[in-house]
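Dropping the structures in below, format is C-alpha cells.
Look at the two complexes coming up: chain A is in both, with chain B in one and chain C in the other.
Now for the complex of A and B:
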C-alpha cells in the first residue's frame, strides 16, 4: 500500500487500472488474433444460407440494454446475413427494452441493404407475458400482434400476406441475454415444431448446450466470440471482430491475476507456518 | 366460499390447459386461444397495478421533506413521467425524444453498470480463487482452460486448450446440467399438480 497524493492506493486500484488498459489498448492498437469458427456457429450460418430467397424468419430481441455490447454485434451479423440473402425478417421483443433496440437495429441494417419496411421487414414491437405470447403466435401471429410497433394494422403490409403462424416461418432467432431461448424451445419448438436459433451472451452458452446436443437447436451463436465468428463467415468484420482482441487480453489478465493471487497466498501461508 | 373459489378456478383452468394439449378439436383450440387472450389481459392489468404502486410508493417518500434517500425517489418519478410524456405525446420512432433518451441515457447507463462487472471479476479472481484443496484446484484448472479456450489467444497457445474447453463444456458440465434440468422438470410437474389439485395454496397468501 502506497500513499499517493494523500490517498492510499491498494491492490484493487492497480487491478482496475490493469483491466482498463487490457480492454482499451487492444481496441486502439489492433492485434489481429486469428479466430477459429466453431461448428455450432457454422451450422447457423449454413442454415440461413440454405434458406431460399423470400423465406421469412422471426427475430426476437429478448434482452435489455445492459448487454448491448454483446447483443448488438450478434443482431447485426444475423440481420446482415438475412438481408444479404433476401430473407424477410419479422422482428419482435419479449422484453420491454428489446423493443427500442430491435426497432433501431432492424431499421439501421435494413437501410444498409435498401430494404423496404412492410415488404422486406417488419417490427411488431413488445408483448408482455412471453410464455403466452410464444404460444399465441403458434396459433395466429396477427391475433397476438394485430398492429405493428408503429400502430399500423399488420394486414396492410405485404410481408404478412402468406404468414399466419410458425408453419410459415423458417426459423425463430432469439437474441437473448437470459434463458428466453429455452421458452422458445419449450413452447414454440416442442409444440409447434418451428426451428429455433439462440443468439445469447457468452455466460448463457452452457445453458443451451444440452438442447444443442439433443438436436433441438439449429446451432448456437454465443457471445462476442460467436458474433465475431459469424462476421468472419460473412466476410464483413464488424463490432465483434474489433472486440475479440480486447476480450483475449482481458481473459489473459484474469488468468494471470489468479496465478499471482495464488502465489502470494502460498508465500503468505508459508510465512505464517514459519 | 370466497376462499374456495380461486381453488376451483385454478383446478378448472389447470385441468383444461393440460387436457387441451391432447385434444386438437376446433372447440378446444378456440377455448385455448381465448384463455391465452385472457392471460395477457390479466398480465397487462397487473403491469398497470405494479406501475401505479411504484409511483405511489415513491410519491410518498418524495413528499416527505426529511425522508432518507428522498432524492432517489424524485429521480425515479422524474424518469417515469418524462418517458411516459415523451413516449405518449411525441412518439417512439426514429429521431424522437423518447428514443434519444433511451439510446443516450438509459442504454449507456445500464451498459456501464454491467461493464463494471469485468473490474470486480478481475479483483475477485486475484483475491478469491485460491487453490486451498483438491476440489478448488480442479475448479481453478477448469476455469482457466475454459477462459482461455473461449478466446482466440487460447487457440494460438495450443489447439488443445479450445479442445479441452469444449470437452469440459460438453461432457462434465453437460452431465451436471442435464441432471439439474431433469430435476427442475420433475419438480415443476409435481408443483403444478399440487397447485391444480389445491394442495399447494401459498399463492393465495396463506401458509
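Now for the complex of A and C:
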C-alpha cells in the first residue's frame, strides 16, 4: 500500500528524504526564526555571571561521543562564559570518551581567550567508578586525581594552590548525555553542599526538572535549544544558534506528518466500516 | 581537504546508508566504531587510571598498600577460570557492599527526603496545586492493595493522565534530541566536509 515507484522506495524512505531536506535547507538558507530564553537557562547564566573573578568551577564531561552535536555547543557556551569572566576551570571526565572531547573543548575555547594551561584551566582526565570519584573529590581532589591528563603532578600547577575539595569550588557543571548529574546531586550536592549545574541532552531534561523544582539545581541548560539560548545571552552565536532554524523546520515537518498520519488513519477506518 | 574529515564524512554516510537498507558499508562502519571504542577505552583506562592510581604508587612511590586493591582487581579475572571462579566474588562483594553503603543514605537524602520536602507546597498558586495533584494521583495509580473504584478509581485515572503528559513531554524532548543529532551531522557534512555553509 505504501509502495511508491516500485518495491525499493516506500513512504519511510520519502519521510527520511523530507527530514534531510527540512534540516539541510535552513542550514544553507537562513530563516532567522525567533528564540526565547527560558528561566532555567537564565538562572545558570546569572549564577555564572555573579561569580567573582578567579572563582573556580569544576566541569565534568560526562558523555560519550555519540551525542557530540548536543554536548559540544553546550560545553562551548559555558566555557566561553567562564573564560570571558576570568573564572578558572578544572575539567574532568567520568565517562571515558568524554576525556578526549573535554580536553579538546578546553584547549580550543581557552585558546580563544588566551588562557594558560595550569594557571587558568586544568584537565584532570578520566576516572572510572564515578561514585567513588565524586565522593573522593569531596575529601581531596588531589587524592583522586594525583596527576592530570598529561601525567603531571597536579600540585605543580598554580590553579591548584588554593583548591583542596568542593569547599573551594563555586559549582560543579556536569555536561552529560545520561543521568550523571543525579549522581553529582546524590554524592556531591547532598553530602558536601556544592552547587550543581546540569547541561544535558534534551532527552534528559524531564529527568532533571523535579530536581530543579526542588531547588537542588542552580538551573538547567538542556539540548541544542538550551545551548542556543545560552549563546543568545552571551551575545556570541555559535553552532547551536545556527542549528535552531533547522530544529524548528524539522519539528514543523514532524507535526505535519503526525497530522497527515492521523487523517489517513481515520479515513481508512471509515472506509473499512463502510 | 583534511583526510580525517573525509574519512569521518564517508563513515557518516555509510551509517546513514542503513536508512535505505542493511548493507556492507553500514556493517563496516559499525564494526570500526565498536573496535575503536573498545581500543580507546582500554588505552585510556591504562594511561589515565592504572598508571597514575596503581603502578606509580606501587613501583615509584613505594606505597605497598596499593597492592591490595591491585590483587582484588586481578581476582575479577578468575571468572574466566572455572575452578577458581568463586574467588572473583570477593572483590565483587566489596564493590557491592561499598556501593550500597554509599548509595542508600545518599539516595534517601537527595532523592527521597528532598523531593518530599519539595512537594510540601502551599496551595497558593496553580503550579503548586498541579504538582500536588499529580503526585497524589500518580501515587494512587501505583497503589495496588485496593481496587481502583470510586474515589480511588477517579484518582488512578487522573494519575494516568498525568503520567501520559509526562511520557508525551519526554517523547517530545527525545524527538528534539534526535533531530539535534541529525543537525550536528548535517552541519559537519555541509560545513566541515563540503564547505557549503559558513
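Everything below uses one rule, namely that the second predicted complex is superposed on the first by the 266 of 274 C-alpha atoms of A that agree within 3 Å, B and C clash if a C-alpha of one lies under 4 Å from a C-alpha of the other, contacts with A are read in each partner's own complex, and residues count from 1 in each chain.
Definition applied: a contact is a pair of C-beta atoms (placed from the backbone, for glycine too) under 8 Å apart; a residue touches a chain by one contact, two chains touch by 3 or more.
Predicted model only: the values in this text are computed from it and were never measured.
Novice: Just checking: does A:225 make contact with chain B only, chain C only, both, or neither of them? Give me first, second, both or neither.
Specialist: both
Novice: Touching A:203 in the superposition: chain B (first), chain C (second), both, neither?
Specialist: second
Novice: Between chain B and chain C, whom does A:189 touch in the aligned arrangement: first, second, both, or neither?
Specialist: After superposing on A, A:189 lies in contact with chain C but is clear of chain B.
Novice: Give one of first, second, both or neither to describe whether A:68 is in contact with chain B, with chain C, with both, or with none.
Specialist: After superposition on chain A, A:68 lies in contact with both partners, chain B and chain C.
Novice: Could you tell me if A:152 is touching chain B, chain C, both of them or neither one (first, second, both, neither)?
Specialist: Neither partner.
Novice: So in the superposed three-chain picture, is A:267 touching just chain B, just chain C, both, or none of them (first/second/both/neither)?
Specialist: It touches nothing on chain B or chain C.
Novice: After the superposition on A, what does A:213 contact: first (chain B), second (chain C), both or neither?
Specialist: Once the two structures are laid over each other on A, A:213 reaches both partners.
Novice: Once chain A of both complexes is superposed, is A:19 in touch with chain B (first), chain C (second), both, or neither?
Specialist: A:19 sits against chain B and chain C alike.
Novice: Looking at A:27, would you say it contacts chain B, chain C, both, or neither? Reply first, second, both or neither.
Specialist: second
Novice: Would you please give the residues of chain A that touch chain B in one complex and also touch chain C in the other complex?
Specialist: Looking at chain A, the two contact sets intersect at 16, 19-20, 23, 66-69, 97, 100, 127-128, 132, 135, 149, 191, 202, 205-206, 210, 213, 223, 225, 247, 250-251, 254.
Novice: Residues of chain A touching chain C in their complex?
Specialist: 13, 16, 19-20, 23-24, 27-28, 66-70, 72, 96-97, 99-100, 125-128, 131-132, 135, 145-147, 149, 151, 182, 185-187, 189-191, 201-203, 205-206, 210, 213-216, 222-225, 239, 242-243, 246-247, 250-251, 254
Novice: Considering only the defined contacts, which chain A positions touch chain B in the complex?
Specialist: Answer in residue numbers: 11-12, 15-16, 18-20, 23, 33-36, 64-69, 97, 100-101, 103-104, 107, 127-129, 132-133, 135-136, 139-140, 143, 149-150, 191, 202, 205-207, 209-210, 213, 223, 225, 244-245, 247-255, 257-258, 260-262, 265.
Novice: Mind listing the chain C positions that touch chain A in their complex?
Specialist: Listed in rising order, the residues are 19-20, 37, 40-41, 44-45, 47-49, 51-53, 56, 98-99, 102-103, 106-107, 109-111, 114-115, 117-118, 131, 166, 169-170, 173-177, 179-187, 190, 196-197.
Novice: Sort out for me which residues of chain B touch chain A in the complex.
Specialist: Spelled out, the residues of chain B in touch with chain A are 21, 29, 32-33, 36-37, 39-40, 43-44, 47, 92-94, 98-99, 102-103, 106-107, 110-111, 113-115, 118-119, 121-123, 125-131, 140, 143-144, 147-148, 150-156, 162, 169-170, 173-174, 177-178, 181.
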